[in-house]
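Common to both upcoming complexes is chain A, partnered first by chain B, then by chain C.
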Partner chain A sequence: MSEKFDVIVVGAGPAGTSCAYTAAQKGLKVLLIERGEYPGSKNVMGGILYRKQLEEIIPEFWHEAPIERPVVEQRFWFLDKESMVTTSYKGLEWAKEPYNNFTVLRAKFDKWFAEKAVEQGALLINETVVTECIVEDGKVVGVRTDRPDGDVYADVVVLADGVNSLLAKQLGFHKEWKPNEVALTVMEVLKLPSKTINERFNVQNNQGVSVEMFGDATHGLLGTGFIYTNKDSINVGVGTTLSSMIKKKLKPYDLLEHVKNHPMIQPYVEGGETLEYLAHLIPEGGYNTVPKLVGDGVIVTGDAAQFVNAIHREGSNMAMSSGKIAAETIAKAKETGDFSERSLDSYRTEIYDSFIGKDLKKYKDAAHTFEENPQYFQEYVPLMNQAMNTFFTVDGTPKWDKQKKIIAKMTAGRGKIGLAKDMYKAWKAVK
Partner chain B sequence: MNILVCIKQVPDTKIIKVNPKTNTLDRSSAPTILNPYDAHAVEEAVRLRKEHGGKIIVLSMGPPQARLAIRKCIEIGADEGYLISDRRFAGADTLATSYALFKAIEKLKEEEGIELVLCGKHAIDGDTGQTGPGIARRMGIPPLTNVIKVEEVDLDKKLMKVRRKIENGYELIQTSLPCLLTIEKEMNEVSYSPLPNMMRAARYEPIVWTVDDLNDVDIKQLGLKGSPTIVGKMWPPEKSSGAEMIEGSTKEQVEKLLSVTYEKRELFGVKGGEKS
Partner chain C sequence: MAKTLEDKQYLLRFNCDQKSHLEVLDHQVCATQCPDKDCTIFCPAEVYKWEGDRMFVGYEGCHECGSCRIGCPHQNIKWEYPKGGHGIVFRLA
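On to the complex of A and B.
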């Protein structure tokens, strides 16, 4: 029999690396297996890294982590074809320690993060695919890799293998995700001089901006577009649920081209040289699609567990916290030597007691409500734009008349009651 | 049969950019990899060890991060790895490099015999192919370059038969051992490393030597000082012109491609043919 570990972690993304780091720090013997050439080489996200959850793992990580810019301003754009209504918050307290969140490039960040786990004592193996969990007497006892002599054993296997989680699926923890439970996001990293970025986004050198876009960015489909500023590049991307894309027969790349060429967006991205083109699925099924999280000798974390809050575009932070909680659970189980589902179940209860479970529960109906009621993005965003246009265009019409006109327009489609119902429904979905 | 493999960490030239002003390689623009020919050399060493036993030692000269290239060799199956790393080695051309590696080999030979030295045919960053023969000359053993197959090894008689690639065919040649071979890609397929090798490599720390660890080193023959090579001028190769991008919808592109192919049919040795 080959070498045995305390923990085998499958996948060196935010969840897997957090788990490996924490477990190694607690003195456990950890094997971290990554399929990419190096951690980060295959990992994709829009680009926002949240401070709080990583800080709980590595205090004051920003002094050494390869971060791009601290985000000091969050902008929200409600786009129509040739106009937009915007709102934003900019706070210079976010430009100072301890910061709020950062932009990062995953290829750099994940590599660094995994190196930190290795420093703690985890053994990292790259370019190796885990093909299945080794199950003996109904208990997961290790993993089989695609390499010769590729079996390796552990007390607990942590699945951090990302959105598709073929391994959790093999174990029967979940079925194939439905098209409305995952979003397809495509993005490009565009090279721009930092001076140009500072001017276009009105920030200083060490300050970043995040822009979330609704409405015409996705042709009114359920989803968002985004721009995040790095040091000398920007991430621009767009994502919608897979089901919307299928229904509208949209090609992801066409959608990204539409975003980049939108008259409100184009001036920000103009002249950017494409460094990378990335596409990835994001689990957005939320609370109702969270799979079985724990089995005998196995724990599911991160995207594999559908831990994504689509409304607040949070995911990497939930991944990190879930990885950490998994490691703590295993360390506790190690004391008693009991790695059964019952013993590891405290992972599940802790997850549901944490912000992960609570936030997922809060928004459990949100995606469904917005998907079933396309009027929010398709009709109300253009109406908002028209209302602003009517109100602020100086054409000699008295303001009272303008207000009447706006209200008439707003209620024309669905009536006053319909409008009120829609607003209530939206509020209920996110309350 | 103990085998020494000399390896180099190189920038991945498939990705690397050339600085348009100085015409030098922008090394920061590409990740570093194990020189691909060297991987074939290590693989061949693993194959020979299976048949003839012995130990595989990997040797490299380079900065501290060249450890990663040595770990890659451990993944393939090497037993030990040595890195000679010192600022005094820096700026070396092939003459100074072969001298430094030779000095390290002398030191290694104090511990155990070396019956065979393998090198990649050349490093993909410099393409000179001189370091291997340079080492052989200093060691006083025969260098056989561009080897594509080891046909026979007779350890009792200390003989080896190999197949070399030459311009108009192959050459079957017998040599005495020890000798030095430089390896072509045709030699073998680098196999997918077994998991135990991967785990050993991930934990492996190569033995690092500085100039001071080597014996009787003539400092004047090291690094930039020991390198008579002068770069006179650098220029990028002329870009070939005449290529035409076919653009448009898929249908337009296919139609354009068909009509161009038809117009230029004599290029493919096709005569006549009426457009239907």
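On to the complex of A and C.
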């Protein structure tokens, strides 16, 4: 493996494969290195794949990609112990081309996607761990792998090695993540007949539903539970910041059982046969934790760069765009033969000018605000439920009295000003 | 439906290496400076088990999520990726 490549991409997930695909399409000599037995074998996602960013790489990919169902309805459940307040949007324009987003099973999807990069001319090598970047005179010139004689060289190394980017850390691009900068998420894939899924979620074949759950799903901790419908299985999962999990001494699999057995959720998952149990970290540090993105001969993409919008559960789409932008940057640099940090820096500016940088900036304080102010999930979600219950339970109490009672509960211990302040703070964090 | 962690872990495929990719750097730190032993609680695969006087590391069932490396309050866990092709093999999601 002593030959030299234009680009070495570390990691065949959404970021790495997008980069390899685009670079190979542009005629660059690309090596894509994957540590798993096959692409996808180490990768986990709740399951929502957005159409737009992949379409920019592979037009009309949905005709051939192994997608599960196009999502036609997004539901949001605010759970108390035995009740929930819900809101949702269902739109049949999402059931038609070009669709909005899809549920996918990543082991299948990533494998297919990497094969597409290979079709473009990228060389994919599986079962290979990159143990370090080879640095000469301060410039990254290649990678060291765990294969015998495993040094490989390239003009540019793209780090797409995921949330546990040991390589970016080795290069000093960021310090170790803190427990409040990552979310620990666990999920199960439950097998259910597609007919049962259609009936339970009120959809037809080839229509999917996403459900995001707040409040009691995480015992009021900062995080969410979710259900996503596949063709003949559903993904049910839950995650909170690792710091919350540690502080509350929660076992993630116990939290998952809590979700599966919650009286509002149980009817949807009942009878499902567990096919797989998966755990993964999601980088949720946001804008303020984005590492150094570019160095001499090296670019950082995807989860390794903390490109996740946790509020909108977007990540794989940002990964794909960042991989594509990285490839375009390298192709441009190839014209001048200059792969220095200065030459590759247009990657950084393009990222910050794109929806990635802008959305991360918009929500830069959100995680911090909700972590520091647990009242939103812990107190307001139950209060919402109690308010609805009070208002809609017909017990002879006049509605004016009910309203007064609700307002008294909402303002108890914090006053009207405290309530207004909390609402303002939440709005400010996401505005 | 899998209820216990054992049920869940049983469904997974692992291609185990002979050598652990996880290493407790100083077992004394676990024994004397870490009364809470958080890793035994938050690890999603219960890889870490306190055996009264020593931390047992069942690396064979590891999901390679990285939580222990980040969550250990004493940075006492050396965390590497398993050798290429080894470790957990997810088949679905």
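Rule of thumb we're sticking to: the second predicted complex is superposed on the first by the 430 of 431 C-alpha atoms of A that agree within 3 Å, B and C clash if a C-alpha of one lies under 4 Å from a C-alpha of the other, contacts with A are read in each partner's own complex, and residues count from 1 in each chain.
Please note the rule applied: a residue touches a chain if its C-beta (ideal position, glycine included) is under 8 Å from a C-beta of that chain, and two chains touch if they have at least 3 such contacts.
Only a predicted model underlies this, so the values are computations on that prediction, with no experimental measurement involved.
Asks: Of the partners chain B and chain C, which touch A:13 in the superposed model: first, second, both, neither?
Replies: In the superposition, A:13 touches no partner, neither chain B nor chain C.
Asks: State whether A:208 touches chain B only (first), chain C only (second), both chains, or neither.
Replies: In the superposed model, A:208 contacts neither chain B nor chain C.
Asks: Have a look at where A:129 lands relative to chain B and chain C in the superposition and call it first, second, both or neither.
Replies: second
Asks: Name the contact category of A:45: first (chain B only), second (chain C only), both, or neither.
Replies: Once the two structures are laid over each other on A, A:45 reaches chain C alone.
Asks: Identify the partner contact of A:147: answer first if only chain B is touched, second if only chain C is, both if each is, neither if none is.
Replies: both
Asks: Just to be sure I read the superposition right, which of the two partners does A:235 touch: chain B = first, chain C = second, or both, or neither?
Replies: Only chain C is touched by A:235; chain B is not.
Asks: Going by the touch definition up top, name the partner, chain B or chain C, that contacts more of chain A.
Replies: Result: the larger residue contact count on chain A belongs to C.
Asks: After superposition on the shared chain, which partner residues are touched by A:297: those of chain B (first), chain C (second), both, or neither?
Replies: In the superposition, A:297 touches no partner, neither chain B nor chain C.
Asks: Which partner does A:269 reach: the first (chain B), the second (chain C), both, or neither?
Replies: second
Asks: Go through chain A and flag every residue that touches chain B in one model and chain C in the other.
Replies: Residues 128, 145-147 of chain A touch both chain B and chain C.
Asks: Touching residues of chain B toward chain A in the complex: what are they?
Replies: Interface residues on chain B, with respect to chain A: 191-196, 198-199, 202-203.
Asks: Which residues of chain A touch chain B in the complex?
Replies: Against chain B, chain A makes touches at 2-3, 31, 123-125, 128, 145-152.
Asks: Residue numbers of chain C touching chain A in their complex, please.
Replies: Against chain A, chain C makes touches at 1-3, 5, 7-9, 11-12, 15, 36, 38, 41-42, 44-46, 63-67, 69-71, 75, 79-85, 87-93.
Asks: Under the definition above, what is the set of chain A residues touching chain C in their complex?
Replies: Touch list, chain A to chain C: 35-37, 40-45, 47, 105-108, 126-129, 145-147, 163-164, 166, 176-179, 182, 184, 186-190, 233, 235, 242, 245-246, 249-253, 257, 260, 269, 271-281.
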